[in-house]
Amino acid sequence: MRSPRTTRVLAGVLASALALSACGGAGETGGGGNRSADSAPGVTDDTVVIGTHQPLTGPAAPGYSKISAGARAVYSYLNDAGGINGRRIEYKVEDDAYNPTKTVEVVKKLVLEEQVFAIVGGLGTPTHSKVVEYLNGEGVPDLLVSSGALMWDDPRKSPTTFGYQVDYTREGKIQGKFVKDNFAGKKVAYLYQNDDVGRDTQAGLDRFLTDEVVAREGYDPANTDVNPQLSKFQQAGAEVVVCECIPAFTALSLLAAAKIGYKPQFVLSSIGADPATLKGLVEQFAKQAGADVPGEALLAGVIGTSYLPGPNLTDDPWSTFFREIHDRYAPSEPFTDTMVYGMVQAFTFAQALKAAGRDLTRQKLLDAMTTTSFDGPGLTPFGFSADSHSGYTGAQVIRINADATVTVIQPPHVTDRGDGPVEPHTEERPSPDEVVLTGS
Amino acid sequence: MNTIWHLVLNGISSGAVYAALGLSLVIIYRATRVVNFAQPALALISAYLAYATTKATGSYWLGFAVALLAGTLLGVLVERLLIRRVSRRSELSSIIVTLGLLLVLQAVAGMIWSNEPHAFGYAFDFRGRFSATDLFAVSAVLVTAAGVLLLFKFTPLGLRMRAAAFRPEVAKMLGVRVGLMLTAGWGLAALVGSLAGMLAIPPFISPNVLDKVFVFALTAAVLGGLDNPVGTIVGGFALGIGLSCISGLVGPELVPLAALAVLVLVLAVRPSGLFGRTIARRV
Amino acid sequence: MTSTNTSRPGVAEAPASGGLDRPRTRVVPPLLVHLLAALVALAAVVALTLLTDPFTNLRIATVGYYLVAVAGLALLTGFNGQVSLGHGAFMFIGAYTVALLVLHVPAFPLWADLLLAAVTSGVAGLLAGAAAARLHGPYLAGATLALAVGLPAVTQRFPELLEGSNGLSFTVNSTPDALVGVVPPTRWQAWVVWVAVLLALVVLANLARGRLGRTLRAVRDDEVAASLAGVHVGRTKVLAFLVSAVCGGLAGGLQAFLLGTAAPGSFTPALSLSLLAALVLGGLGSLWGALWGALALVYFQVWTEDFSDLLHLPTNVADNLPLALYGVVLVVVILLFPHGVQGGLHHLRLRLLASRSPRRGVTDRVTDADDPRSEGEA
Amino acid sequence: MLEIDAVTTTYGAVRALDEVTIGVDEGSITAVLGANGAGKTTLLRTISGLVRPRSGRITAFGRDITRTPTDEIARGGLAHVPEGGGVITELTVEENLRLGALWRRDRADRAAALREVHELFPPLAERGDRAASTLSGGERQMLAIGRALMSRPRLLLLDEPSLGLAPLVTERIMHVLRDLRSRTGLTVVLVEQNARSALSISDRGFVLALGRVVASDDAGTLLADDQLRHAYLGF
């Protein structure tokens, strides 16, 4: 080489440019505060653009890909009725395939390129947790996160983020108390998903169940073989199996138990207790399993928790209301809990948007989240207030019947995520006719 | 002790599936030196057709027949339309083409049948530690494997196929229609692959349902030796039993890691798998 | 292994780096050429970021880190002929290294974090390479695929440190105080990423041009001949793994820096496979191919999604259309342009050259690089 | 029987065969001679359709086979024993032999052919069940020729059958060829570097150099032509 010096100098220039890039430590918090939330990107005279990230494809899509279909149906219904405060809601759904890297990319796309006014119902703990800090830093309302993780409720650090689902610990407490009260003295086993779902739910369960628990087994969502876990429960003599599982794993567990001739009382979390979905998944096996196990036997008697007016609460006016929207705007999709989940989410957002008023800013929407009394559609109230961004605060207990209808066996109870008691929630909800969002 | 026995039984039936899917990979690899990444997608599409048939007619076995038939046809078509153009070009070309095909077919399945899971029935009663369904799976795989081996070993067709696989040019000089043999190889492989799919997919079918199974099947084939059908079948069962025990005794989340560890250990000692031919490899 | 440019000097050799593709003159050392080219490229990137909006800046940065990853893979798979289906595993290591350093050793500057990410991943690459050096073809492919599937499962084993399937999230502070509020964050990030990327590429280009590049190709083309010529085949293969893992680690580190996440769900086998697909799409055997591949990786998805949004299809079809189009493009490109984008461009240029000064045989040479050894030996 | 008419075959820019014209009579043994790289192997590969000529015409058995696929040519009665024999080492000896006649429908005749080959080359009968990879070089060449004969060909192309073999084995193979020709009227095209032993059993000879035919004559005349021998045949 003829001119090593020039080369070295050039190399030095490039390298020092990189070194310069961060004189301070990479992990130390730099300057830069929250953006002013007193603006309204994505809002025009007659539209408001919102966005969400959902797993529409890939291994995690089953079970979730219909939530946005439900939400879209409600937005179409509202838009056809004139929109909220005279604005049509434009709903942008981005597929992140449940891949956190993609979540960050698509959320930044929604915020920077699509200029959405708010993110509504971003789905998943591993995914959404990666954008909370960004959304809060940009002052983007991050409403009704589709996950029961506890971390959404942190108003000081994440003022624009609001939960939606009843959190896993609250639900665990309600389940724990129910099992303690109704199956006194029986041995209990936990089947949990080996992430925060499992960890947080057990924290709730353990407040009421202690010595009764004879086995705890985790499952990995990527490994569909749950026979080993169920075998262990059977050997431990567990009579009640609390399954904190997503729908596919609920069904797998029911089938695995049937396979080994094990008949415990199953208690399911709301995330995996959708009777319509479960019925679709298990009935065919029952048909083939021979006459001695009728189709319904696998599902009948299974206990679960719920906090939404699902398709099976036929005497609930909200359930009827959503069924009508479904029949009109998404007739080709099956009407399941998953769909209702998206519909209630959309409806709740519309309530907040209405309350935020015609003169819309992000801050007004955030204020509306804490000041609006969201009576209905949910069965229990939200925990939204100045110092709580916690979603639904309780749930009812249901039993699934042989025909996949459900019977409410314990009316809605509410609780906190700490040491507080589990108490009945008695307030009446208004009917859909009384909650008027559209028109002027 | 009881537990271990249960885990072994559990592993045998999943091992049967790895063995069958692995076998389909080996048949194709031997015939065309292509690792067929689209194999799970071929099995997936044929299983979806079975699902649709069973739903329409109520007959599981009609669906089963449709799956095997459709699988074979798909294999033949894929070889004729795609693989023929790339297989002799380079290893990478065929990997990427089959990968592209995998994406297309999975997406098509999602378009037609949605990405939501559907119930997908077993052949027989699935209840019992080693149920009628498990027995069916294991025996179907063993019978199929034996059939494939006998076909290769003792029939003129098998002899032609082997010749076409080992030395295509020489086979041509001896009057063997090599192209036809390769097509037949793909058809046969896809048939075995569809069988594997029908056994692996229950209880639920969704577009990505075979991804994990495929990874383990490939692991089994690599373990056993990619040009050795017997080795692959042994590898499949061994992997099934081993992973079931690890899942039950150590933890379900460790299964992929364990598969990696086993593979690394075996390949460190025998770079062409347990039963692979180390000497006959040509550059 | 197919490649348009085995070691025919001048004619079929695609430029390994930089924008300068003149016949080599002895006066300027290649490192200097590469460095100058890198500076020009950096200026171009900076100019580009100044002209585009913050989100496009993010995409430019994304292209950057994919470029390093694919370029590393180009060295391993394109130059050395070792097919890896597990390159994402090295990105995984790089991303987690940066994440853990940012969270637990906040005082470390970014460049040190990135350096350590590259080093950690390099060590892993050394181990992987040592295990893989004896493996051939599909055995290597199978083993590396198992690596891509297996390694992220480590996070489940250490849930306290690695946060299990949720993974780590964090914010990397990199903008100097003086620039806060002056330069939009994504623009600054794009600059940082591209400085690191171009540094890595300069090193890679030099390696590819130099003795290592020749050795790698020699081993790829004929191991026996290479070893007879005094090349240590095993060591060369491990070295290829090492270099490519360093690049993978750096890419993962840059991704973590850019997006503030490290989670197992980001490092699926699908990532590894799409890196390989990008490499083949772009064109093997040249670092330019890596650029086209990285661009395709980022922009192709965007276009297909925009396209399927336009059509107003039923949800099932719309959701799956981008995937299907991606698959179709992979198949079609391999069938029609077996040497990828770079091969196509190269061919085009030769055509142009040939039409200017009619010289028979030049284009012939490129096409029959396709398959000089025919089927008899398969 | 076999007419090669102005055939040119190229590899990229290299002309491996340049306007080669050769005629082979039925029932004759024709030697194709020449140094390494003269185009001998390419000639055989072009005849049997493994390589496509760029121009020219090949007729065999009265049919134009210039564009006919290799396997079809083989089924027409042309057997080609490639350089080194092309024995499939992964198969057994007997499988290799059976492979040679698989396309023939007559089962009984196939069995008869197998018996005849076994008589012709007794070592093959003894080692029927063994993997072909266990055979010695001479035995492999016997297997290759035996396999070719299994199809009862009308035209046999042999590429360097004596390569790497002991003189005794070579002589035995040459003897078998001559014997076969006289018994069955087989037509043989023999490519050899060992010109002396090839010409000793041949009727005619062609000499190739750099892809062109530089001489063609009766075998005896060629053997006697000292100048030619020195210039092209190296003995």
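For clarity, chains are labelled A, B, C and D in written order, and residue numbers in each chain start from 1.
Just so we're on the same page, contacts are C-beta pairs under 8 Å (C-beta built on N, C-alpha and C of every residue); 3 or more make two chains touch, one makes a residue touch a chain.
The structure presented is a predicted model; accordingly, all values stated were derived computationally and were not measured.
S.K.: If you average the CA coordinates per chain, which chain's centre is most distant from that of chain C?
M.R.: Following the centroid criterion, the farthest chain would be D.
S.K.: Any idea whether B-D or B-C has more C-beta pairs in contact?
M.R.: B-C
S.K.: As a quick test, compute the distance in whole Å between the mean CA positions of chain B and chain D.
M.R.: Centre-to-centre distance between chain B and chain D: 42 Å.
S.K.: What's the distance between the Cα centroids of chain B and chain C, rounded to whole Å?
M.R.: So the centre of chain B lies 31 Å away from the centre of chain C.
S.K.: Provide the C-alpha centroid distance between chain A and chain C, rounded to the nearest whole angstrom.
M.R.: The computed centroid separation for chain A versus chain C comes out at 37 Å.
S.K.: Roughly how far is chain C from chain D, going centre to centre by Cα mean, in whole Å?
M.R.: That pair's centroid distance is 50 Å.
S.K.: In chain C, which residues are in touch with two or more of the other chains?
M.R.: 156, 319-320, 323
S.K.: For chain A, which residues are shared contacts with two or more other chains?
M.R.: Chain A, residues with two or more chain partners: 56-58, 61, 65, 194, 220.
S.K.: Chain D: which residues touch two or more other chains?
M.R.: Not one residue in chain D touches at least two other chains.
S.K.: Considering the complex alone, what residue numbers of chain C touch chain A?
M.R.: Against chain A, the touching part of chain C is residues 27-29, 31-32, 35-36, 38-39, 42, 53-55, 58, 62, 98, 101-114, 156, 159, 164-167, 169-177, 180-181, 186, 188, 191-192, 195-196, 198-199, 202, 255, 257, 259-261, 263, 265-266, 268, 270, 305, 314-315, 319-320, 322-323.
S.K.: Spell out the part of chain B that touches chain C in their complex, as residue ranges.
M.R.: So the residues of chain B touching chain C come out as 29, 33, 35, 82, 85-86, 88-93, 95-97, 99-108, 110-115, 167-170, 207, 211, 215, 218-219, 221-222, 226, 251, 253-261, 263-264, 267-268, 271-273, 276, 281-283.
S.K.: Help me check something: in the complex, which residues belonging to chain D touch chain B?
M.R.: That would be residues 48, 50, 69-71, 74-75, 79-80, 82, 86, 88-91, 95, 98-100, 102-103, 133, 147, 151 of chain D.
S.K.: Which part of chain A faces chain B closely enough to touch in the complex?
M.R.: Touching chain B from chain A are residues 56-59, 61-63, 65-66, 194, 218-220, 222-225, 227-229, 231-232, 235, 248, 251-252, 255, 258-261, 280-285, 287-290, 293.
S.K.: Can you list the residues on chain B that touch chain D in the complex?
M.R.: Where chain B meets chain D, its residues are 156, 159-160, 162-163, 166-167, 169-178, 280.
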